[in-house]
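Next come two complexes built around chain A: one with chain B, the other with chain C.
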Partner chain A sequence: MDIQVTLYEEIARVKLRGRLDSPGVDQIASKFTASVVPDGRNTVVDLSEVNFIASMGLRLFISIAKSLKRQNARLILFAPQTQVSEVFNTVLLHDLVPIVADEAEAVRFAAV
Partner chain B sequence: MAKPQSNFDGASSAIIPSTHGGLKQGLEWLGHWLKGHDLGTEADDRALLVFEEIVTNIINYGFDDNGEHTIQVNARMEGNDLTLTFDDDGRPFDPRNAPDYTRPDTLERAPIGGRGLVLVRRAARRLDYRRTEKGRNLLIVTLARG
Partner chain C sequence: MSSPEESFDDRTRIFRRDDTVPVAVQEQFGHYLVVIRGTGLGLRLVLGTDPLTIGRDTQSSLVLASPDVSRRHCQVELVSGEVYVSDLNSTNGTYVDGKRIEGRTLLPDGSILELGQHVLKHERRSLREVQEAQELDRDLEAARNYGLSLLPPPILAGPVQTEWFIVPSAKVGGDAFGYAELDSGSFMIFLIDVSGHGIGAALLSVSILNVLRQRALPGTDFKSPSEVLANLNAMFRMEDHNDMFFTMWYGVYDSAKRKLVYASAGHHPAYLVSADRTSVMPLKTAGPLVGVQENHRFQQAATEIAKGASLHVFSDGVYEIEDKEGRQLGLSEFLPLLRQGPVEGRNEAQRIYQNVREKARPGPLDDDFSYLVIKFQ
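Moving on, here comes the complex of A and B:
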């Protein structure tokens, strides 16, 4: 699992690559959280190269979204692949975290 | 590494420690087993998802003590089905009777966890569970192979 974080003035862009199973989450959770939560930035997450997610990945997203919410910031996910999208739909993640098609829409969402 | 035990009938089993390291070993074992059966990415991911959720549940909630425990896992092809069997000596737990996931009304009220069994129920064609005479949980998850 690989993570790349780019910080802009008001938005953090996080690119994830690989499998968000338990071992994958272990590899990136600390860096992901430390990169976006302390500053309370709106954060957009590129999932286009994440090909698998399990509940540990959901926990990570919900945990970060809750932390950002306490600072009036948002987590927005975009471009999920098929398996990831099916898992999101099964647990109704869109009730809690915005999930959009592409980066442009995610950035627009972050600016609202 | 998990201790693999291959049988002549095509089944394969392993014994893994009930730890997060054991989960990683188990995922590697199952991934290797799936690769040998060429079921396709969708079926592989379904099996790996169920395996991770069930084993995580056993590790996190199955035991009242800090002692060492193991989980016996088995994968088998039966006709159009792929079955995964989980055998552990944790407290009795029948996932078929677990409460349904409650839809939270706000992000603030949403629990961080508690979604793993929702994913298992969605992925599985059937769940069979019994508490054995030896005081072990025996859970059999049946999945479509394709």
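Moving on, here comes the complex of A and C:
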């Protein structure tokens, strides 16, 4: 699992690559959380290269989204692959975290 | 009254080691192969001067009586402080850290050795570490046995019959299920899948299981699936449970009306399979993960149950597998298995497990495998 975090203006852009299963989450959770939660930044996450998500991956997104919400910031996911999108639909993740098609839409969402 | 070596508060007791006790100047280390999946789970083999052989042959150092293991499958040896493994022309191959080996291959400390469904780990440990690991293993085994002891026995006769099969991906898992008569005409069925694996998930899983077994949800009508999910959602808020949540499928069968009422929370569908296996109907309602959204109003739905139909309720570890080519499989690849006929000598849940194992890459499944079948006569 690979993570890249870039900051521009008030938004953090996070790019994830690989499988978001338990070992994958272990590899990126600290960096992901430390990069966006302390500053309460609006965060957009590129999922186009995430090919699998397990419950620990959902837990990571939900925990970060809740932490950001407490600081009036938002987590927005974009471009999930079909299999990942099906998992999001099953657990109704969109009730908690906006999930949009592409980065431009995600940035617009973050700016609202 | 506490001694100088101890300090107390209401919850914590701290013991300090007596510095006058001599410690070993030099610890002796050994190399071990530990069975972490398959026959002899938890067994710790010492690697010494003689090579250790693994196979179906009864003369092997470790006998694995399994069809996916060859008679003489592989050999492990300790040479100049390093451990090497050699495949002995086995049919299904020997894998080190997921890669099939050719020739003599180094087996580094911590690496995983796989033969069919059997998995061993190489550990270089001091005697003290081995003793601690064995103690932890015993504790985990006790925890595993406790979790399994809470699962209901299969029901082999009567108007509602049950079969199940469960394989935790770690020594203890976060899946649990149950069923019970609520009264003479109502039968409760549920399956829960706690986020993550291991002891943390297992502890929450056991808590939920005991609440459901004892019907210990105040003011809850257990014949109402939506009410059960709503009250569990209130009781098990993730903020109060180390950020853990769970998915759940819950149903109640009314045998007089031949009607099943059900609800799901963040869980994929259960499937109702007709007696002739030509119809496979998904049973699911839209609901979030339990513990994540406060005050959510869960929905429920109902369906009629025809004679001879069977209900398949299972965790996502059953179908979220990687195949032998490394492709990620999902529900659509799994569902055709439900239409296949029974196999002599295996119950339906065991048949499904065997089918999944045949599709999956060698080694342990990534997630807990929990499968429950309810047959309606």
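Points to keep in mind about this one:
Heads up, the rule we're going with is that the second predicted complex is superposed on the first by the 112 of 112 C-alpha atoms of A that agree within 3 Å, B and C clash if a C-alpha of one lies under 4 Å from a C-alpha of the other, contacts with A are read in each partner's own complex, and residues count from 1 in each chain.
Methods note: contacts are C-beta pairs under 8 Å (C-beta built on N, C-alpha and C of every residue); 3 or more make two chains touch, one makes a residue touch a chain.
Because the structure is predicted, anything quoted here is derived from the model rather than measured.
Superposition model on chain A: chain B and chain C are shown in a clashing arrangement.
When the two complexes are overlaid on their common chain A, residue A:Lys69 makes contact with chain B while staying clear of chain C. Judged by the touch definition given at the top, the superposed model places A:Ala29 against neither chain B nor chain C.
When the two structures are aligned on the shared chain, A:Leu47 is found in touch with neither chain B nor chain C. Of the two partner chains placed by superposition, chain B and chain C are both touched by A:Asp95.
Residues 21-22, 52, 54-56, 58-59, 62-63, 66, 83, 90-92, 95-96 of chain A lie at the contact with chain B in one complex and at the contact with chain C in the other.
Interface residues of chain A facing chain C in the complex, by the touch rule stated above, are 21-22, 51-52, 54-56, 58-59, 62-63, 66, 83, 86, 90-92, 95-96.
In the complex of the two chains, the chain A residues touching chain B come out as 21-23, 26, 52, 54-56, 58-59, 62-63, 65-66, 69, 83, 87, 90-92, 95-97. Chain B meets chain A in the complex at residues 20, 23-24, 27, 42, 45, 48-49, 52-53, 56, 101, 103-104, 107-108, 110, 112-113, 115-116, 118-119, 122. Put simply, chain C touches chain A in their complex at residues 193-197, 238-239, 243-245, 247, 266-268, 286-289, 292-293, 316, 320, 328, 330-331, 366-367.
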